[in-house]
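Take a look at the structures below.
Consider the two complexes below, in which chain A is the common component and chain B and chain C are the respective partners.
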Partner chain A sequence: MLEIKGISVSYQQHRALTDVSMVVEKNDFVALIGSNGAGKSTLINAVSGLNKIDLGSIVFEEKIISNLAPDYVSSLGVIQVPEGRKLFPQMTVEENLEIGAYLPEPRKMYSRNLGKMFELFPRLKERRRQRSGSLSGGEQQMLAIARALMAQPKLLMLDEPSLGLAPIVTLEIFKILQELNQTGLSILLVSQEVLQSLNISKRGYLLENGGINLSGNSSDLLTDPRVKESYLGL
Partner chain B sequence: MNSTLIIQSLISGVMMGSVYALLGVGFSLTWGVMKVINVAHATFGLLAAFFAYTALQAYGVDPLISLVVSAPLLFLIGCTLYHLLIVRITSAKAVIVSSMILTFGIAIILENLMLLLWGADPRLFTTSYTSKVIIIGPFYFQYPPVIGFLMSIVGVTLLHLFLKKTYLGKAVRAAWQQPDASQLCGINLKRISAITFGLAVSTAGAGGLGMGLLYSFEPHSHNLWLIHLFLVVIVGGVGNVLGTALAGVIVGVITGLSMAFLPYQWVNLLTFGLLMVILVVRPQGLFQSEI
Partner chain C sequence: MKSDQFSSTNSNRLYQMIIPIVLVGLALFPFSEPPVYFISFVFWIFLYVCLSSSWNLIGGYAGYLSFGHVAFFGIGAYATAMFGKIFSLSVSLTLLGTIPAGLIASLIAIIVGYPCLRLRGPYFAVITLCFAFVSQLTVKNLEILGGADGLWLKTMDVSVEINRTIFYELMLALTSVTVLVSFLVGRSKFGAGLRAIKEDEEVAQTMAVNAPRLKITAFALSAFFPGVAGGIYACYLSYIHPDVVFDVNMSILQVLMALFGGASSWIGPVVGAVSLTVVNEGLSTFVKAELARIIYGCLFIVVIVFMPNGILEFFSRRTKRIDN
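Our next item is the complex of A and B:
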């Protein structure tokens, strides 16, 4: 479904990613793990079109999407939940969801999808008229995910959805992601929560210093000595 | 002191101020959300006033009717200008400064164009109703400020409703609250910027016409209007449409009252003294910024 083929990304003089390749299959659940500053966000922002790539290519459903405008990439069904949630703080919960369904196709399905989101996240329904800036961290993250789902993604990419959340809320959110994957949604999860993301995902990639150093089935990665030593503290 | 006179000047202040408000909201919008200080904002307003003047003189078209043509025209001009020029400075490090320099150039070109087309003489709208007066009890209201006031109510309300209630308006707000996230939702930032700029320039047309109804105007008038724009937007909070509108009314009331009771030379001193006090005490403006 998504193929990243040997891409390199730089910020001014600094090379952030070098020759990175990875694949997300249809109905896949891929975890991209690595420490802070390894280039995980750079990678998914490159897929979304927010970062330009110097070399290589990014292909989504047989279409080259590298270096295209972010709104165009989104219109193909590649939807990102950005790091830090980036909600529209002065707008209500419902308005945020409305903007999530901005693209023509999702807009037609707005009412139906809104009902679905309120089913999935009942707390958002209670707070539908509240400004998103006034929500708690966990609720904000749920809203960020719901906003992305309103766009009817084929591939959902999440950048650090557990950042700054209580462990129990993280658990709740990861459980929802697993359920979404079981209903057929392809997911690319970027996270520093190595243990939990490998637990819920099918496959994993380890990104270190701007390059993929390890990849494989999540269950295998969990027992890999390098992962155990550097990321699980075992 | 005569209470009728106080109320009378209060009401004319509100009416006058509402026209500042109408001229100011678009200026506030581009400054607040796009970080573009459009120094040519009032110049576009003046252009609409001249356009209406010619339509009235040559064809007998009522100034308000001419707005039906000039407002959409200004919207298109604004969009085009955005795509041709403004977009080039949006990636600059100091957008605010670059935008002032760029739009200053546009203002100079427009000013000279107006000098060329209409000459330097002051102009005044004279229609069948401009000298008419409404009398209610002890108060009298001249027609032009009343029309300006109504125009402002309609204009500001429409802009507010557009931003709060329509899908496109919400997209405009979303784009300026979180540019990156809005693109991830499928919003085309360039298109939204062009619409925002076009909309602002178009409201400038309405505001300029309102100013033309209140005062005589000539090709340099926009410079004085611009100073009032800065005043109104800084008092009201940059980017805050309703705050800017309220600030326009406040400034109008202060000007109106001081005109009634103070020697003329004190009026501007008082108004801009007030601006300085506000800049020191509440640099973010009187009202919380919200788009």
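Our next item is the complex of A and C:
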């Protein structure tokens, strides 16, 4: 479904990603793990079209999407939940969801999808007329995910959805992601929560210093000595 | 937040009743034979409502503070004047030229907006301000446009009262259309996209909002109405000069009016333009001119400091708090 073929990304002089390749299959659940500054967000933003790539290519459903405008990439069904939520803080919960359903197709399904979201995240329903900036961290993250889901994505990419959240809320959100994957949604999850994200995902990639150092089934990665030592502290 | 205050069904029904009454009342006003001064005064109110409402499309909804909107007003004025001059038309036929003049203003907005709308925040504000100065200087130095002498237009062969009434009704019509467009844009998907751009342009784009196209459409639309208004104004004055129709004060005033009322809704610029024009006129009439300027300036400072989202939101928050 999504194929990243040997891409390199730089910020001015500084090379952030070098020759990175990875694949997300249909109905896949891929965890991209790695420490601070490894280039995880850079990778996701390159897929979204927010970062330009120097080399390689990104292919989504047989279409080359690298270096295209972000709004075009998202119109193909590649939707990102950005790091730090990035809601529209002055808008209400419902207005945020409305922007999520911006494209014609999702717009037609707006009321049905809105109902679904309120079922998935009941707390958003209680707060639907509240300014999104006034929500708690966990609620904001839920809203960010719901906003992305309103766009009826084919591939949902999440950048550190557990950032700054209480462990119990993280658990809740990861459980929802797993459910979404079971209903057929392909997910690319970027996280520093190595143990938890490998637990819920099917496959994993380890990104270190701008390159993929390890990849495989999540269950295998969990027992890999390198992952164990560097990321799980075992 | 905006839609909460203004689009609930109750207030909608209220608007549906009040607006036609207000419009008919305004349209009939000149026929009650008021002093000509009042007709001209209300004409000015309409003009500013039109300017600040159309500015609001790009400045308020999308958050791109254009400080050069007077350029479109001036371009419209000159385009209309030239249209009448080249084809040596009568005033009423020249007035037809205001529509193509508005389109020319939009076209120039697209050409100017294409590079400029890549800039944000203060950079966009400054470059649009420069655009206003540059267009004023250009017109001043073009002999074919009358240069620094300005341009004379034909006058209508009717009494002052009838003349003023005709322009009053024209401006009322234009202003109504402008406000209607601003209202419709505010509720549309287009408006939702613009508001998303104002909040966070990158995220909006990852939500499939085509930001560059939306911004340039909003900019072109917000240039059209000032262009037409400039044309009507040119015929109204029957003499235009670069210092008058490209007056940067006018640019700044329409921004302030929109911010004063509240730039996130369609009604904000209307309230802002009406109240500030009345306050300004009242002050200049009853207080000495210098003192009037000082009071006017202080008023702005108070509003910007204590009511950054405009007077409307300030007062509606107040009442909400009391309700609770």
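In this section, the second predicted complex is superposed on the first by the 234 of 234 C-alpha atoms of A that agree within 3 Å, B and C clash if a C-alpha of one lies under 4 Å from a C-alpha of the other, contacts with A are read in each partner's own complex, and residues count from 1 in each chain.
Operating definition for what follows: contacts are C-beta pairs under 8 Å (C-beta built on N, C-alpha and C of every residue); 3 or more make two chains touch, one makes a residue touch a chain.
Bear in mind that the values here come from a model prediction, so they are computed numbers and not experimental data.
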Fit-or-clash call for chain B and chain C when the two complexes are aligned on chain A: clash
Which superposed partner A:L68 touches (first chain B, second chain C, both, neither): neither
Touched partner set for A:T92, first chain B, second chain C, both or neither: second
Which of chain B and chain C A:A151 touches, first, second, both or neither: both
Touching partner for A:L222 - first (chain B), second (chain C), both, neither: neither
Touching partner for A:V59 - first (chain B), second (chain C), both, neither: neither
Which of chain B and chain C A:I176 touches, first, second, both or neither: neither
First (chain B), second (chain C), both or neither touched by A:I79: both
Chain C-contacting residues of chain A that also contact chain B: 48-50, 69-71, 74-75, 79-80, 82, 86, 88-91, 95, 98-100, 102-103, 107, 147-148, 151
Contact set on chain C toward chain A in their complex: 1, 3-4, 189, 192-193, 195-196, 199-200, 202-212, 264
Partner chain B, residues of chain A touching it in the complex: 48-50, 69-71, 74-75, 79-80, 82, 86-91, 95, 98-100, 102-103, 107, 147-148, 151
Of chain B, residues touching chain A in the complex: 167, 170-171, 173-174, 177-178, 180-189, 290-291
Of chain A, residues touching chain C in the complex: 48-50, 69-75, 79-80, 82, 86, 88-92, 95, 98-100, 102-103, 107, 129, 131, 147-148, 151
